[in-house]
Amino acid sequence: MTGKIFKDARTALDGLLFDGMTIMAGGFGLCGIPENLILAIRDSGVKNLTVISNNAGVDGFGLGMLLNTRQIKKMISSYVGENKEFERQYLSGELELEFNPQGTLAERCRAGGAGIPGFYTKTGVGTVIAEGKEHKVFGGETYILETGLVADLSIIKAWKADPEGNLIYRKTARNFNPMMATAGKATVAEVEEIVPLGRLDANFVHTPGIFVQRLVQGKFEKRIEQRTVRQRESA
Amino acid sequence: MTGKIFKDARTALDGLLFDGMTIMAGGFGLCGIPENLILAIRDSGVKNLTVISNNAGVDGFGLGMLLNTRQIKKMISSYVGENKEFERQYLSGELELEFNPQGTLAERCRAGGAGIPGFYTKTGVGTVIAEGKEHKVFGGETYILETGLVADLSIIKAWKADPEGNLIYRKTARNFNPMMATAGKATVAEVEEIVPLGRLDANFVHTPGIFVQRLVQGKFEKRIEQRTVRQRESA
Amino acid sequence: MPWDRNQLAQRAAKELRDGFYVNLGIGIPTLVANYIPKGVSITLQSENGMLGMGPFPYEDEVDADLINAGKQTITELLGASYFSSADSFGMIRGGHIDLSILGAMEVSEKGDLANWMVPGKMVKGMGGAMDLVAGVKRVVVVMDHASKAGEPKLLKQCALPLTGKAVVDLVITNLGVFEVKRGEGMTLIELAEGVTLDDVKAQTEASYKVALT
Amino acid sequence: MPWDRNQLAQRAAKELRDGFYVNLGIGIPTLVANYIPKGVSITLQSENGMLGMGPFPYEDEVDADLINAGKQTITELLGASYFSSADSFGMIRGGHIDLSILGAMEVSEKGDLANWMVPGKMVKGMGGAMDLVAGVKRVVVVMDHASKAGEPKLLKQCALPLTGKAVVDLVITNLGVFEVKRGEGMTLIELAEGVTLDDVKAQTEASYKVALT
């Protein structure tokens, strides 16, 4: 079988990037983001990107790097509060922004990957989110129609992979990665470790390898946004 | 916290059963079915049940037992080929039957549990399944509207549980159990083993305990429908 | 005396019931975890994908892969579980979370809630707030009764863009507690010690009944 | 000589490509796994919730928790994974499976497929067939050219209730191979050794072009 493992993030993206494309990027805040693939996309110079990601990184890290280089034309996100450059570009009209409620965004990615072009939700009924959307009553309650999302490319971050592309995630670094893995026409995953075939327990694979076309092992900074700690009581 | 663990299947169902109710039952064929809870439902005598389950067991085992006692009024299933008594009751008009494509049935349970009252699918377009259903075009393709399913009670089978109700399944015995666990107003799970709190790896829980209201440890026959084997080559 | 932040959290904690699965918003709602009544055991959900959230970590426990919805480092308790954001919001949207406690800018007498944007200011996004108020079984708002400028926040109608329509079940302000019932409107059911009915009336635009308990 | 069951399976196996994820139906399609071409590695999906299905188990390996969609005991290969039926059909419906090979009662010249029910007979249900033909990227049908009674099964229009409309990409019968293209209809592209164009014509109701390769 043709191997899925690539030697670095740059070669893993080879032939997959084009101007004006749509990219899904996993992660929540800076947790579980594909750091190395984002860097490689920055270095590729590809532009006019539509990026679907819950957040937009911070100034100079994560997707924030693609904002600095003006490679992003439009973001589809639920919360972008941590990024000054984002704010500047948005307020100046350089950047388009589509807000989705977080659960709607997650479900739209899941739906896109599962061949579901539309689903009804009560999230956002009666708010600006519902404007222009089809409303429908089920069992006496009103719901709005949301559509499935797919991307030309999904870049995701997992903890471990095997050579088949089976993935496992770690703790809350899972977040949007599993659904986005299913919704990319091509999906490239970066992981902390590629283990030999058979080392992952088939019963506990989070993302089956069928969803992952390319795989790269990376080094991670894993920057923390809000380091909150408590003090040990003195003995 | 009020304990979720009950001493046997009968007490685990105490107060949850009523005539005319809708029950979701996990399992695919005889694999991963809640054997003990089905028995307890039979012994309870509750009747006029609507049962949502991919299959209907076999004569005298699994849901087949509730057919023998005429406790089931209606089945919502994808395939019922293994059951003579089912066939007899259906052909004589004693039993109602609603066929759903297997993937549509699985997704309807998942949707019901996730607060999604309706979703579009291309499965069944142009067939009898589509008759009377809303059609809608997305991106030039036609899809039909299917609705989410919920049940008064879901009975499911898992491999192991902890006292919080966190569940893990084993191999293909997972099948419909995870979605049905989310779609019951009450969900009762029977498992092979209840392990102490902390013994399940939080990263690899299949069904979070929030979905499981009651838990019972059972003994399982695990009958096999099609024992297919190959012979070892002689040395 | 109006309630302070900690008293507000303490009053909100009385809404917790044994066995509840609870989602706490950022700010005062987070403090509620410090006042869980005796004999009550609850499980905290973090909407990025976790049940069984514990307190902040000790310095040597900090884990970049373990954060809450506010992006703060946290810990896990025994019996915790992790899941995807799709599964997490399936849980929320599907009505499996018993209680959500969150802050607000405005609440209307019909239970409309506004807490995500102020027109003209940079909009950060609604995050999971719209999903939570639409999906969770019981929504409790904790907020100051009036804005810093002294403007009422309990209104006949919200002026700010809504997070959800007719979604709030209970409002706890520094002056007292209001119940909201669908189709029946708002009822003042409790006063902070030393606060009078007139104090409340003076700072409230919404109509409400009074039925102190 | 028309192809026998094994030759049909062997011909169908030529549709496999290296790296394909494949779902095989019950009957002749199951035999395809015995004829995977050299240098081609595929992964078999079982729609009840598994990737990486292996052969039938040895007697001492039989595991009641490990069955395929035909309820037969099976084994797992290295690199396998298990998932729920919802995830499994998400995979199918979402177009992630490269190839499905399945049997049929009737196929129309437009690629309509009927393989799940005969009116008047007990209906067992469609199982996953409707999902598979609607969702999988390429649908290959393997069947006898005519019924046991000698009636054609390649028809202008299916008489039986459909499993899917315009879903079949290739039909392999014991007489030859037909390609179906949307909007273009059917083309005979291959004959079994010793079978003539007249043999095919005599047993086919559907219109088809001929472009033998």
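A, B, C and D are the chain letters, set down in written order, and residue numbers restart from 1 in every chain.
Criterion: contacts are C-beta pairs under 8 Å (C-beta built on N, C-alpha and C of every residue); 3 or more make two chains touch, one makes a residue touch a chain.
Quick caveat, the model's predicted, so the values are computed rather than measured.
Colleague: Going by the contact rule set out at the top, which chains touch both chain A and chain C?
Modeller: In this structure, the chains that contact chain C and also chain A are B.
Colleague: Between B-D and B-C, name the chain pair that shares the greater number of C-beta pairs in contact.
Modeller: B-D
Colleague: Please work out the Cα centroid separation of chain B and chain D, and write it as a whole number of Å.
Modeller: So the centre of chain B lies 28 Å away from the centre of chain D.
Colleague: Return the distance between the CA-based centres of chain A and chain B, expressed in whole Å.
Modeller: Chain centroid spacing, chain A to chain B, equals 32 Å.
Colleague: Find the geometric centre of each of chain B and chain C from their Cα atoms only, then give the gap between the two centres in Å, rounded to an integer.
Modeller: 35
Colleague: Could you work out how far the Cα centre of chain C sits from that of chain D, in whole Å?
Modeller: Result: the chain centres lie 54 Å from each other.
Colleague: Which parts of chain A, given as residue numbers and ranges, touch two or more other chains?
Modeller: 107, 110, 114-116, 121-122, 169-171, 202-203
Colleague: Scan chain C for residues touching two or more other chains and write them down.
Modeller: Residue numbers touching two or more other chains: 76, 82-83, 89-90, 92-93, 135.
Colleague: If every chain is a node and every touching pair an edge, decide which shape results: line, ring, star, complete or other.
Modeller: other
Colleague: Pairwise, which chains touch?
Modeller: A-B, A-C, A-D, B-C, B-D
Colleague: Quick check: in the complex, which residue numbers of chain D touch chain A?
Modeller: These residues of chain D touch chain A: 18-19, 21, 41, 43, 45, 51-52, 76, 78-83, 89-97, 135.
Colleague: What residues of chain D sit close enough to touch chain B in their complex?
Modeller: Touching chain B: residues 46-50, 55-59, 62-68, 70-74, 76, 82-86, 88-90, 92-93, 112, 122-131, 134-135, 161-166 of chain D.
Colleague: Inside the complex, what are the residues of chain B that reach chain C?
Modeller: Chain B residues touching chain C: 1-2, 110, 112-116, 162-164, 166, 182, 197-198, 202-203, 205, 208-211.
Colleague: Flag every residue of chain A that touches chain C in the complex, lowest number first.
Modeller: Listed in rising order, the residues of chain A that touch chain C are 28-32, 54, 77-82, 87, 90-91, 99, 101-104, 106-107, 109-110, 121-129, 159, 169-179, 222-232.
Colleague: Given the complex with chain B, which residues does chain A contribute to the contact?
Modeller: Within the complex, chain A touches chain B at residues 107, 111, 114-122, 136, 138-139, 141, 143, 147, 168-171, 202-204.
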